[in-house]
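When the chains are written out, they are named A, B, C, D and E in that same order, and each has its own residue count from 1.
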Amino acid sequence: MPGLLEIHNLSKSFDATKVINDFSMEVVEGTLCCLVGPNGAGKTTTMDLVTGRIKPTSGKVIFAGEDITAKHEHVIARAGIGRKFQVPAVLRDLTVRQNLEVAYSRQTNPFWNLFKFRKAGLKEKLDEIATLGGLSGRLNERAGILSHGETQWLEISMVLMQEPRLLLMDEPIAGMTEGEIEKTARIFKDLRKTATLIVVEHDMGFVREIADVVTVMHMGSLLATGTISEIEADARVRDVYLGEKEAA
Amino acid sequence: APLKKGEPIKVGLLFSLTGALAVPEEDSTLVLQYAFDEINKNGGVGGVPVEPVIVDAKSDFGVYSEKTKELILREKVTALFGCYTSASRKAILPTVMQRNHLLYYPTCYEGAECTQNTICTGPLANQHSQDLIPFMVEKFGKKVFFVGSNYVWPKESNKNAKIWLEKAGGELVGEEYIPLGSSEFGPVLGKIRDAKPDFIFSTVVGASDIAFHKQFKQEGFKVDSMPIASLTTGEIETRAMGAEFGAGHFLSAPYFQTLDNPTNQKFVENFLKSKYGKNGTTHYNMEETYLTAYVFKAGFEKAAAAVGFENVTPRAIRDNSGGIRVEDNISPEGLVWIDENNFNTWLKPKIGQCQADGTFKIVKAAAEHVKPDPYSIYPDAGTCTATGLKGPDGKLRTNVI
Amino acid sequence: MDIGSLLNALILGVSIASIWLIAALGLTIIYGAAGVINMAHGEFIMLGAYSSYMLQYYFGLPYLLCIPASFVIVAAVGLVLERGLIQYLYNRPLDTLLATYGVSLVLMQGVRLIFGSDPKYLAAPALFSSNISLGFASVSTFRVVILLVTALCVLGIWLLFYKTRFGVQVRAVMQNKEMAASFGINSSRIYMMTFALGAGLAGVAGSLFGVLAIVLPTMGASYVVQAFLMVVTGGGSLAGTVVASGVTGQLQSVFAFFSNDTFARFLIFVLIVVFLRFRPQGLFAQAGARR
Amino acid sequence: MSTLLNFDNVTSYYGATRILKDFSFEMQKGECLCVLGRNGVGKTTLMRTIMGLTDKSTGAIRINGTELTGKAPYQRATYGLGYVPQGRGILSDFTVRENILLGTFARADKAPEIPELCLRIFPYLKENLDRRAGLLSGGQKQQLAIARALAVGPQILLLDEPTEGIQPNIVHEIGEILKMLNKELGISLILTEQHIKVARKLGDSFIMVDNGRVVARGPIEDMTDELVERHMTI
Amino acid sequence: MGNLYHNKTAQWLVYAAFFIGLALIPSFVDDAFLLNQLATYGVYGMLALSISLCWGFGGILNLGQGIAFGLGAYGMAMTMQMQSQSESNPIPPFMLNNSLDALPWFWEPFSNTAAGLFLAIAVPTLFCAIFGGIMFRARVSGPFFAIMTLAMLSAFYTIILDRQPYTGGVNGITPPSALQIAGVEIDPYSSTAYLTVLGILVVATVVAKLITQSSFGLVTQAIRDDAERVRFLGYSVAGYETMIYTVSGMIAAFAGCCLVMLVQYVSPAQMDVSFSLSMVIWAAIGGRLSLLGSMCGAFLIMGAQSYLGDTFLATWLLILGGFFIIVVRFLPNGLASLLESALGLLASKPKTSAEPNGDAKPVPAE
């Protein structure tokens, strides 16, 4: 069975520096794949490439059997890829509710949306997600005033509102308390039933908890891939990334 | 509204007191106030004083249009005096015509218009350069370069000038138009340098004109060997550019401050002394505006005599204004009269040369009055008569603008 | 149409460029560093011309001294304006556009009330109304003066912004006021100085334009749009403005040489649109921040 | 040991909203203070209040006895405050070098040089001094933010979740470095951390914040699991 | 609960009351000048509305609204001019004077009134769709788009000025008589003209208001906030931007037509940079985030210009300038925000202050 997302020999250079170097990976539908690697390894850049934010120098990205390499961001998003950014990106001047409403993007055509005043199924979905993200009490707040952790939750909720087939989560738990981390882990594990996830995280405890597969990047290339225990046992990964203490 | 004996006659003064057009138009307002004061002191018009309603058109064509309506419909003025640029005139004419009202338009313009609601006291394109071109050709040589601002009046003026040029045996070596308000004359002066004309014929207006004369000298052109013969560079312009930049150049106009006749001396002296003389000079545009007040007075009185004071309407004034004369003892430029057909003015253009102190020395004055002809270069269009434009096919068209 | 005249056109292009550049220079600093869209820039230029006129007419100051003096006067006006109004608007960039538009009306009408609406005369040394002939090329002395003053100003600003601690502070403040403040930079002082500097440069431009063209309360309006085009096309950086003015000035001169001034303008406007189509961030803009 | 920082009944506002309420605590020289609490309780606001970045604050904040209230942020910075904000606050158009140099503006001696320490700790930065900082990866930016704060030559480092987004082995290293700065160089630390483990390891004392108020404080040993349970789980 | 100002029903009621009030004016006022003047204000209101939609709502600052407005106005002027030409006299006089002896091809369709009116709206709308489409696709935004519209406007201005034989140059086009539709003349001073303009204004407002309340409106707001982010939610940002820019341009084109109907005159001044700037100013003063507020801004400023102007002759610009400064300094969202905060005070104890445009943000993401 081919993967939902396949990355083939992807490379990306900025000026002279090669940031992604012949990187390939494959994510099977319904799994949760953790993408880890040292700072600057190219994880975020890989996400940029998958979501069309930047175009690769060479290589291909295939999603659900379709080549999406040269597509625009919104086309890729419509195809079913949702993304949470590393630096939380929410619509700061809109209220939390509006943020979620916009994210509920069933109809994206500007012309048809002119005549749409109420979105079917929005209310239930919004209530559900807001409760999940702990935002119910703040729905009418302007998103710009949320604290860092709350912003993280809002962005995760937005991705959930999108109901994408593939979720890319760039450091979703940065700045969360331990309790919240557990909750996030639960949510992610639940999501696996209906969607596929790629999660970038440095918190190995979290990775250990959720990952089906772990892929390690280093200097733009694939360093290792396997289950969490295989990875933690890998000397190279310990060397460049985990350090002795973490692995111990 | 019918006029009442004993109540002042309201007239509208529609000029810009602010904005880019304020420079010439503020003077127009001032001189008209002066003129009406003078008229009122001497018994008014038809025995009653004139009350000017002054509005500020703010150099905005939208405001010109709006204020015209306000003056006509709300203030119920008997006549309008206004506008300096053709564009503003065109902006208000639909209203003036629609209400069958009367506009006194007091400055030089391109003609090619035949409405039944205007009276103009400035020179038409055909009057202006008639003497200037032959004079320059004779004095400096055959080759001439035309420079103008990029709009209707300079282009029309130049069409006329070309006719005179051909008659005088001159040769056109270049023709350039500068965007309105532009102050960059480098490229044009470069072309002039290449074309090596004997003199330049300029219809550049406003701030651009001042920049033109300044840069002319700064770029090393010499006034003795290549003077500028202009239709616009008068007393205010030379003062603003500094006499050193104006000195030696030529201007054709019906009026100069230095005109040597008793009426003018009195006019200049009294005006500058009055509270309206704050800008310190008189010039052709001002004097042409001054004349409108007297043309109005004469026209009104003639109309009053014809239909009775109470029944004087703008229409009646206009119908009675053909042939009105402003005599030597009133007109600072000397006798002028209104053409009976096209309601422009018969006048004598004069040529002045700017002196080191910024005043003009009259070097030539037309011997005869020159007939105004708004369609001089479009004979096919027909002739303008009091009732409309009579085409070659004999058909009469009214309100041709 | 020989080589000589084409060469002349090229030289003239440099001159036109320097005129546009000096007009845009103050704006670049104010927009680039403080993010303020200063619609009153044209009126600052006008104030520069009037300051020179006033100093010359009432105090008999020689023209060459009027140039720096205008810098000081207009900078002072800019300072007052910044303290009194602009400092409250820094986090509302588009509002500065409106507020400064109001300021421009006030300045224009204020000057008109004081000095009248008739044009004023600004005298320059006789030397400046001559030209320099270099074989077949010819250029006016005054244009050379403008070029030199412009070059001097650009150099000065470049040194100030890229070679001094002050420059680092300005650039830090312009990127993130809060962070700059957290590291000991008095951002409000920096804004104030920058604004004053920008205004002062407009003053210099004004005293030059007063001699080249005309001194009128409305004179500023004709420069401000052009200046804006230069600054934005340049992407808000000093180098960008220099190149944008340089290229457009040259194009204006060359187009005008081959056709006429009006058409040259039209072409330039169209070219700017086309250019921005392909470089939507202007010249020398850096790639946007990452997420 | 003497009192370095003192909060006396501080209330801090965004617009008209009170975020910190009647905040009081004291911090000794050389101490490492951990600020703990759930999301949105006001930890970041506390840091910003110290720097003077909130809209308004009442009450008294003192450093070495000097009153800070009423002073602008740029003046406060010169009291030896090195700030690592949440979200990092890197100037993206500056190079790495310029970003670090930015820190030196708040130095007491104003020396415009990059302290050797900053680069020693973060070799990546040393190798990439002339890169545009906006292009760095998230973790690299975090490192840069810490280096910049060190360039101030601070008495107190304000660290708002400093290890967020940093790879595990460097997290570990940063922990060591902070310890070193604290114990060897005598730099006091105020640290917000979500990881109780890290807090326990590094901290000398803690304050627990809930809904803008201090709900518990004391030496780190007093931080019971019960406290953590009550104020930090959801 | 909450602020009445944000209550949709209340908003619609206020709009309805406002327009009904305006519609009743002709039954009380019998002053040809006033009706004509008010109708002209209606045109300005339409322009402010279009700016409010595009800038206030869509976040696209358009300094070149004069393009759509001017093209519409020229279209109308050409139509009206051709109405006064006849078989025997097929060419407008200004063309004759410019030595044209045949009607230029692009004037031909305007001989037919219906076609002319259609083109007067269609051409500017199409222009906006194409220009906007190209530019937004290239991701030109913010001040860059503003400057682009400005440059485009200047280009149009220059070329119209220069192509005198076809456009009348600086003098513009002056149709000598009023517009006739199906043989009926619409006297610009009549209540018919007034009501026509008002009718168009009402339709434009309702359409604009509906747009802002639709899903489209929400997405547009999101784009104004952070276009980059919205792309990743699957929306084609360029599509939305082009759409709102085009609708706004279409409203401006209608305004252009109405103006010429009222004043029988068009000139490049309609495409002057300063006029397009004024439109922005009206919207800003009135409150660009509020459609009604923007319209009122236009009424207010143009009214002040007409009625304060001559009382204060020399100082009116000072007053106007000072007024802008004060409004911008103290009322960031224009006069409408005055009402908003007044109603906000009335509303039951606001929990958090609705600080507009919140000045203090938490640590900004770099």
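Following the convention adopted for this analysis, a contact is a pair of C-beta atoms (placed from the backbone, for glycine too) under 8 Å apart; a residue touches a chain by one contact, two chains touch by 3 or more.
Chain by chain, the UniProt names read as follows: A = Urea ABC transporter ATP-binding protein UrtD; C = Urea ABC transporter permease subunit UrtB; D = Urea ABC transporter ATP-binding subunit UrtE; E = Urea ABC transporter permease subunit UrtC.
Given the structure is predicted, the values throughout are model-derived calculations rather than measurements.
Undergrad: Both chain D and chain E are touched by which chains?
TA: Both-contact set = A, C.
Undergrad: How short can a chain-to-chain path be from chain A to chain B, counted in steps between touching chains?
TA: The distance in steps between these two chains is 2.
Undergrad: What is the distance in Å between the mean C-alpha positions of chain B and chain E?
TA: About 36 Å, centre to centre.
Undergrad: In whole angstrom, how far does the Cα centroid of chain C sit from the Cα centroid of chain D?
TA: Centres of chain C and chain D (C-alpha means) sit 43 Å apart.
Undergrad: So the centre of each chain is just the mean of its C-alpha atoms; given that, what is the distance between chain B and chain D in Å?
TA: Averaging C-alpha atoms per chain gives centres 76 Å apart.
Undergrad: As a quick test, compute the distance in whole Å between the mean CA positions of chain A and chain D.
TA: Here chain A and chain D have centroids separated by 29 Å.
Undergrad: Please list all residues of chain D that touch 2 or more other chains.
TA: Residue numbers touching two or more other chains: 14, 44, 53, 85-87, 89, 91-92, 134-135.
Undergrad: Which residues belonging to chain B are in contact with no fewer than two other chains?
TA: 17-18, 150, 179
Undergrad: Could you tell me which residues belong to chain C and also touch two or more other chains?
TA: 109, 112, 176, 178, 221, 262, 265, 289-291
Undergrad: Spell out the residues on chain E that touch chain B in their complex, using ranges where they run on.
TA: Interface residues on chain E, with respect to chain B: 31-34, 36-37, 40, 88-89, 93-94, 96-97, 158, 161-162, 164, 169-172, 174-178, 188-189, 263-265, 267, 269, 275, 305-306, 309-310, 313-314, 316-317.
Undergrad: Which chain C residues qualify as touching chain E in the complex?
TA: The contact residues of chain C facing chain E are 37, 39, 85, 88-89, 91-92, 94-95, 97-99, 101-110, 112-113, 176, 178, 221, 225, 228-229, 232-233, 262-263, 265-266, 269-270, 272-273, 276-278, 280-282, 288-289, 291.
Undergrad: Would you tell me which residues of chain E are touching chain A in their complex?
TA: So the residues of chain E touching chain A come out as 211, 213-216, 218-219, 221-222, 224-226, 228-237, 239-240, 242-243, 352, 357-358, 361-362, 365-366.
Undergrad: Which part of chain C faces chain D closely enough to touch in the complex?
TA: 165, 168-169, 171-172, 175-176, 178-188, 286-287, 289-290
Undergrad: Any idea which chain C residues touch chain B in the complex?
TA: 1, 5, 8-9, 12, 15-16, 19, 109, 112, 116-121, 123, 128-131, 133, 138, 140-143, 209, 211-216, 218-219, 221-222, 252-253, 256-257, 260-262, 264-265
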